[in-house]
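Look for chain A in each of the two complexes below; its partner is chain B in the first and chain C in the second.
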Partner chain A sequence: MQDRNPLLTLFYVLVVIFLFFPILIVVPISFSSGRFLSFPPEEFGLRWYINYFSDPVWMAATFRSLRVALGASILATFVGTLSVIGLGRKRSKTSGALTALFVAPAIVPNIIVALGVFILAVRMGVSDNELTLVCAHAAIGLPFVVLMVGSAYRQIDPTLERAARIMGAGPLRAFLTATLPPLTPAILSAGIFAFFVSFDELIISLFLMSSAETLPMRIWNDLRFEINPTIAAVSVFFVVVTTLAMTIAELLRRRAEKNNAA
Partner chain B sequence: MQGSRVHFEKVTKSFGETVALTDFNLDIAPGEFVTLLGASGSGKSTALNILAGFSDATSGEVYTGDRPLTGVAPEHRNVGMVFQNFALFPHKTVAENVAFPLRMRKGARDEIDRRVKAALEMVQLGAFAARKPAALSGGQRQRVALARAVVFEPPVLLMDECLSALDLKLREELQDEIRRIHREIGTTVLFVTHDQTEALTMSDRIAILEGGKIVQIDAPEVLYDRPRTRFVADFIGQSNMFDLSAVTDGTAAVPDMGIDIPVSDPTAVAISIRPERLRVIPGENTSGLSVFQGVVEDETFFGPVVAQTVRLRSGRRLEVRSQRSGHDRLPHTGQTITLAFDPADAAPLVAT
Partner chain C sequence: MTKRLTLLPGIALIGMLFLIPVGIVFQQGLFDPVFTTEHFVRFATRGAYMRIFWSTLQISTVVALVCLLVGYPIAYFIVRQPPARRPFLMFLVLVPMWMSILARTYSWMVVLGKEGIINQSLIWLGLIDEPIKMLFTTGAVYVAMVQIMLPILIVTCFSSMTEIDQSLLRAARIMGASPRKAFREVFLPLSAEGAITGTLIVFILSMGFFIVPALLGGRRDAMLANVISGQVSQTNWGFAAAISIVLLGATLLVLVLVRGASAKLVHHQEEAH
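Coming up: the complex of A and B.
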């Protein structure tokens, strides 16, 4: 191995600090027991965590977010996986255009999606409705599912399904036997991604919801009126859960890649 | 078990502009082992896929027994198939893979177990039932694929270049195994390869494909000894081909050799002589043979066999293969030699 350039090392450390400082700074704050958001904190305790978990408003927002994210994730995964199979393995002009269409919500700024969804929802009289939010979040989660499941799908040997057919399985049975098992890790990991696309999302939720807050909305609204260390506790909780889930998703994705390569 | 007759009747297949099969006719007797042999892109897989039901013929009909197959889904054709890349289900064990076609046919559990066991014994993998395919070697995987393809005793078995992913030694082992299994179960086999040695050693009959068409179908010896066109003579083994003058009264001149020979086929335009059919003549005992002369230009030593390139007076070169078993010393490079062949060993070739 070559000698490391000390300047390069310094640069690396600075980048890491730059990326992680905003996240890490909330950790000590969340464990403070002072009344106000201050840094560095003087005393430590679990006061703000207790506050978070015992406040019905925070809890309602948390559970609403979990509910919406679960619904959006399931919907996006289901629709996305079926789309991938519908698009098929071979790339053609039609499938290229359709893929671009499915992936579009990831490229269009969320604020534009939010505006569109808001206008539509008001017209149809379904704004401030959890189901509407589930659908909107599923739409922005869909691109990740189409991309992740699609790339796994194209790596699966198509002769496996033919083999199943010639041995007596109908089309559905052949899919379930030959294609679904190697596809499952990618579907699960895409589902987790879609879950957090929804769980993190603020802008569309702000446009669409008013009385019923999601967790990011609650944080946003809370921040606007008072700066309160509860938010730091919520943030740490949020970061831990997200990191864990994303790690699981990434491990699943890698395992799928390795299996398909074998 | 009884194999069924397989019959391709005037099958054509086009992919847009590409014509993959034209006027493809093939009639395979019950229990026969027929090989489709052709270069890559000659339409071998297309023919197999149409029989398997993975793709539809553009026109024509395929039958197994007397049953026309158009519109019959692959799962209802009762055909076994071995794929080049094995196509084993990676998440199922060896036994589960082999049991799959039986489970699709809703057999009783102990009956399935018994037949899976027998099939694995047949390919000498009884001890590997509980393994996953990833824990097997390439040869073992292909044996599992073979067991899986025959476990439900299909009357027709298809194999698409199923040995070409394996190295030579394994390939020869599996060739023997496939022939043995074919003898044991008596199924009709349609085998695809681009390897002429494989085709010659395994088949009852070989169909040579060129550009989506069968140009000759015959038993291996007949194909080798009596190729009908330049393409076939060239494709199978090595061959010396010489143009003929027009055949009159059963005789034609071979201008390059400066001799006349009897030719049975009045439409022949050339002859093909295998290098080992040419004899180097030391003495003068040449009655009944066609005799001509040339100069040895080059030789290659193979141990029991010597291959020599001989230049004729016309400038044409030909290949001679001689056994070194005789007492006579073979002439060496630069020497003029007399060559002879039995005209019956010259296969008349027709224009295509």
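Coming up: the complex of A and C.
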């Protein structure tokens, strides 16, 4: 069955190198110590990491982003999981239409959501407010939670919950003891995904926030004026964090699949 | 009945932070305070805006087609490998997606800049005397956008290809079809729908691009999202909203047209067999 076409193999290798290219470039630059960019760097050091971790502006932006992303991820995961339960297992016209509604924010360009949320927030007097940003980021993270938790939910055997009900458990208890445990890995990995949707989001934050910067806003404002290697250090730090988080999410998802299959 | 109640928080969240905001965009674009088409007339009659409209469509189309041409063979390559090896090959395609788009854009700025890595290397090798202008060009926008979108197309193609019964290909070969013919007559039609879906997703996501054209493109490479953002910073909310409606409308129109055409094509093929 295996295709041993050497041309296709070479093509795959080249494409993977192209896809990794930005990461491969940013790592050595982040460890360089010269003020001016040179490649390969002449001297190595932790200068840009020290710059990043000791700069109160960068740190404030980082903690603000972590705070907002944590809030948005918890809200999206909680609301999204409840929605998945409400949509149920059977596909009907109503559940199809509602799923389309929950998934829509992933398809409509963020700039349109950003403009609408901004005008609404100004009218209600809640612009430049972290809580508004948390809610807006939760809304754009919701589609991924509904899709990821939804597909796990439909794979879980419903007879377990029904059995719990017959044995006298209330609907909440039956759900918590029979359905929630096998669903937990999917919920966690969806939560991590929603976290990074918020953490990497620029345009909604840019419209909504005026006094306080999130990390993407800080990077954006920096990049428009100069190419500063501090951004390389920030990028590498976050590639490492993201890769760790996403690997955990993927491992959780696989374990869940195995458990469900068993 | 109680189960239906759990939908309420989701509907409230989507309602307050998606449906009502999108509604407000339509209201702002169409009413001022009575119904008006003034913003749309301004958009359609000023050459600069129409040029950006067409170039947004063009960039998104080219990015989607390049992703298809590059990504389809990659997905095909992965799906033809032994099943045990596929997850790792897919993993390599997916890891680059986890890097922040801003960070990747920064990386391209460093690579393509006047004193960037490519120019420095070429000068060091003695191939050029003067740096070549690569940053702030349309080419830089294409390279960065394809790098961002390619994994999405590969994933979509790959998941539809894994559903194809591989024994069909073997059957075609046993019946005397050449590998090329087996691919063209069996594999290609069965994988076409996934490929079209992937291309459409890339197109839709490309239409809303903001960071890449702003930081890597030249002055003439702005896309609609950049114009919207510029109008917002000048507090021209009505005009910004009208451009948003145009962006959404154009995206949906292409979606419907391609879906319609591809449905006809698939139907036509089924009849031919």
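General remarks:
Note that the second predicted complex is superposed on the first by the 257 of 262 C-alpha atoms of A that agree within 3 Å, B and C clash if a C-alpha of one lies under 4 Å from a C-alpha of the other, contacts with A are read in each partner's own complex, and residues count from 1 in each chain.
Methods note: a contact is a pair of C-beta atoms (placed from the backbone, for glycine too) under 8 Å apart; a residue touches a chain by one contact, two chains touch by 3 or more.
Given the structure is predicted, the values throughout are model-derived calculations rather than measurements.
Partners chain B and chain C, brought together by superposition on chain A, fit side by side with no clash.
Taking chain A as the reference chain, the count of touched residues is higher for C when chain B and chain C are set side by side.
Once the two complexes are overlaid on the shared chain, A:L160 sits against chain B while remaining clear of chain C. Vectors from the Cα centre of chain A to those of chain B and chain C enclose 100° in the overlay, to the nearest 10. Within the superposed three-chain model, A:P181 lies in touch with chain B and out of touch with chain C [touch as defined at top].
With both structures placed on the common chain, the touch criterion links A:A169 to chain B but leaves chain C unconnected. Look at A:M59: by the touch rule set out above, it reaches neither chain B nor chain C.
Nowhere in the superposition do the C-alpha atoms of chain B and chain C come closer than 13 Å. In the superposition on chain A, no chain A position is in contact with chain B in one complex as well as with chain C in the other. Per the touch definition, chain A reaches chain B in the complex via residues 157, 159-160, 162-170, 173-174, 177-178, 181-182, 259, 262. Residues 2-11, 13-14, 16-25, 28, 70, 73-74, 76-78, 80-82, 89, 92-93, 95-96, 98-111, 113, 115-117, 120-121, 147, 150-151, 166, 170, 204, 207-208, 210-211, 215, 225, 228-229, 232, 237, 240-241, 244, 247-248, 251 of chain C are the ones that touch chain A when the two sit in their complex.
By the touch criterion stated above, chain A contacts chain C in their complex at residues 1-3, 5, 8-9, 11-12, 15-16, 18-23, 25-26, 29, 36-39, 75, 78-80, 82-83, 85-88, 98, 101-102, 104-105, 107-113, 115-120, 135-136, 138-139, 142, 146, 171, 196, 199-200, 202-203, 206-207, 216, 219-220, 223-224, 227, 231-232, 234-235, 238-239, 242-243, 246. For chain B in complex with chain A, the touching residues are 52-54, 73-75, 77, 79-81, 83, 85, 87, 89-91, 100-101, 104-105, 134, 148, 152.
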